[in-house]
Amino acid sequence: MLSTPMSADPLGRQVAAPILSVRELCVDFKLEHGIVRAVDGVSFDVRRGEVLGIVGESGSGKSQILMAAMGLTAVNGKCSGSVTFEGREILNASPEKLDKIRGSSMSMIFQDPMTSLNPYMRVQDQLAEVLTAHQGKSRKEAIDIAVEMLERVRIPDAARRISLYPHEFSGGMRQRVMIAMALLCRPALLFADEPTTALDVTVQAQILDLLSNLVRDLNAAVVIVTHDLGVIARMCDRVMVLYGGRVMEEAAIDDLFEAPRHPYSQGLMAATPRLDDDVAHDLRTIPGAPRALTGKMGGCPFAPRCERRIERCTIETPALLRGAGGRAAACHLVTP
Amino acid sequence: MSEALLSVKDLKVHFPLGKGLLGGAGGVVKAVDGISFDLRPGETLGIVGESGCGKSTLGRAILRLTRTTEGQVVWLGQDFLGLDKNSLREARRDLQIIFQDPLASLDPRMTIGAIIARPLKTFCPDLGKAEIDKRVKEAMAQVGLAPEMMRRYPHEFSGGQCQRIGIARAMILRPKLIVCDEPVSALDVSIQAQIINLLRTLQAELGLSLLFISHNLSVVRHISHRVMVLYLGKVMEIGAREAFYANPMHPYSKALISAIPLPDPKAERARERITLQGDLPSPIKPPEGCRFCTRCPIATELCHASEPPLSPRADGRLVACHHA
Amino acid sequence: MSDVPAGTIEATLERAEQPGLSPIRASWRRFCRNRLALGSLVILGLIALLCFAGPLFFPYGVEDADFENISAPVNLFSAHPFGTDDFGRDLLLRVLDGGRVSLAVGFVGALAAVFIGVIYGATSGYVGGLLDNVLMRTVDVLYGIPYFFLVVLINLLVGRTTAGLFVSIVVVLWLTPAVIARGQAVSLRHREFVDAARAGGMTEWQIILQHIVPNSLNVVIVYSSLLVLEVIITESFLSFLGLGVQAPASSWGSLIDAGARSIETDLRLLLLPGGFLVATLFCLNFVADGLRDAFDPNER
């Protein structure tokens, strides 16, 4: 009996079928002054054992992709397109159906560990709840597994600390608890929304180490959303650059950082201060401000800030063209 | 140093915990615990450290926005902390501040023209309306804002533009020193670069001094002449930028630099990392001896027993470590 | 400047010349979109107009008794459209005149209470420390004194006049706005723009008047609209108990009191002032609701 269905990748090799497939995902929000499109036709696949990074600035719609896949889009939002998890459609699925998947085979780590843990519940109860609800374990069993998981995320003295309340943990420890909670049911797919943005650098380094080890052990598929190119470079296999709700460029990690092709990716990299660049000169900047969420606009969303803009850019939205080596770019001036 | 613009001597800011009419029992948070440094005219000092290291409190204490417990701030040769109300007001003309949250630092009920003009009206009440208008427009142009926008309100601007407004307000009196409290950490990468460049340009053109407070070592590297690393209210290392980044001496500085994820996957994989264990200790009960000893990879008995003084090294750097 | 990115200016220049929308005006626009609140405001305006201007069109005064028409019934086409009371005084005129007192005490009282409360609370919250403690504990003590005890005391001191009533209402009702304004000031004190103002050399008083008070306005506007309601009810209540407006002057409260005494013989005497009072209170409620939706930043 074959365990996983196979399909062919762009180079014709046989690879595992994607565990998560997103096709033409659009997320619209109804606001006071009209409808705003936060995510505009995003498609991607993630396979087991693969870490996909989604990088973008505020307003790029990066978090909304995860929210839509988790069925957590705000009430004034509407999602269209398709999101399949292990072959089943989960976009706009009923809460009952989603609850079966969420927390057991698909889970999420949020940016702010304080607001995503219930402050009035002991950590052990929050962790045990996940297991008793999804796997029908007894409370005793559940707490044992939870302690084991806390030890795996290297919380010292886990057996005692598990009975504390969230506010009794430091920021880094809380994020560990969140990670432990997300991994309790050994999910096949893990979403991480800015998992280390609220943390200090030295703590961030610990959490990133921890996360990459755990993910490798579980052989899960991971999608990390962040604005930090450093985190992407450290964690991911493949990266998708998002701007104004659209995918600008997609590539394997080394390819993108070695030779970004889309003007936005290039600008983003040049604007990021590094520890090894030349400080005698100013940083390169991208003129203007990130796109404010407005109604649907014609043309490339990056066109107003693009230095290489031609007339066609403001009229016709460039399609995401796929090229060799899994690279893709959406720009009239670039062939992937 | 006689030429110093600002000279901070053994500054301490302690916050008592739990206060009320009858006072409260409880400890003291030693947010800033004996920090000394000099700042020369036209120099940018980068102050880095993680949350809770006291870097923001230090900036606010220097401006007297927070009460200091002990120590001295010498500003242009006079004792700044001892100034009376009127002299303080006069001195504040030369000392300004830029904040982290660009929108929160602007009064939502004032037009940006009024916000930028505010310090002018405070210090030069005799200026005519036309002159104020002219100076406001100049300041706006200088920071890259269209002067026509002066009748609009802060909520109509993006984060980067709000930060430019904050900078224009700080610049309009032509101060000698600006304290920048995490001025770019709330901004997107592409905007962050614009603001860093703007501050660099303004500094070069006007010969300003900056105290640039940030948790981001890569940003600090781009703007500072010297770098000061804080940990739990104490200075760990101060040194010139080039020397500091090429060869950080204090184990904490090393760990900080090594913890930054590089935006370069190959370098990132090849790199040897020092990952610190544990979290920042509570500033209410800092560790005995060296503050850093609980997380230090090279700590010895000596470090737990006695606190290392901030002592000069060969290249003019000051480092507080027994073993560096 | 070489550094200025061209895009920044270009992108915003088209709309740049027109002045921006101030938060107050934005809130007012939101309020105007609320039909119920706007309608209530119009009705309230009409009631006020009627009470203040109406009596001018009567050929006789409030106290003038028409001995030929004592206890005249409702007859819309007679000289006394809503009839007269048992002294022959025109009922409609009395109600309108009573409304004048009720509304004046309501609005002026609320305004005075809010003004005192906001200055007191904003100072206390902004300055903080010992002064805050002393001022707020004083408020706590005043809160602790029973309300009626205070009213009777002031009545004794000032005399049972409309002015006395006014003072006692203000003395009791300024406490809550003070507490609310203090809360606002405490949260504003830690906002960065206040630090910026201090670093900019403004004096404490300048900061209170130019930053703290205007930014507390949202809450204050919403709260004062609720306070007007409260003051009118309090006034009516006190007058109903005989502690407020004394005859021959009248307010809706004292008229309802008089009407209640003849509830079995002549219901009109109760219904007319009661109707006016209820209509006013309803309208005030809807207006306050609309203001809250429009001004409260947390609702957005």
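Read from first to last, the chains carry the letters A, B and C; within each, the first residue is number 1.
The rule we apply is simple: contacts are C-beta pairs under 8 Å (C-beta built on N, C-alpha and C of every residue); 3 or more make two chains touch, one makes a residue touch a chain.
Keep in mind the model is a prediction, meaning the values are calculated, not measured.
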Pair with more cross-chain C-beta pairs in contact, given A-B and B-C: A-B
Chain closest to the assembly centre - both centres taken as Cα means: B
Inter-chain centre distance, subunit A versus subunit C - centres from mean C-alpha coordinates, in Å: 52
Inter-centroid spacing, subunit B versus subunit A (mean Cα positions, whole Å): 32
Euclidean distance of C-alpha centroids - subunit B vs subunit C, Å: 47
In subunit A, residues with contacts to at least two other chains: 282, 285-287, 289, 305
Per-residue overlap in subunit C, given as positions that touch at least 2 other chains: 3, 5, 8
For subunit B, residues contacting two or more additional chains: 160-161, 194, 197, 201
In the complex with subunit B, residue positions of subunit C that touch it: 1-5, 8-9, 12-13, 16-24, 133, 137, 191-193, 195-203, 206, 211, 214-215, 217
Subunit B to subunit C touching residues, read off their complex: 21, 60, 63, 65, 89-90, 92-93, 95-97, 99-101, 104-109, 111, 118-119, 122-123, 141-142, 144-146, 148-149, 151-153, 155-156, 160-161, 166, 169, 194, 197-198, 201
Touch list for subunit A against partner subunit B, complex: 57-58, 170-173, 200-206, 208-209, 227-234, 253-254, 257-258, 267-269, 271-276, 279, 282-287, 289-290, 292, 305
Touching residues (chain side subunit B, partner subunit A) in the complex: 50-51, 158-161, 188-194, 196-197, 200-201, 215-219, 221-222, 241, 245, 255-268, 273, 275-277, 279-280, 295
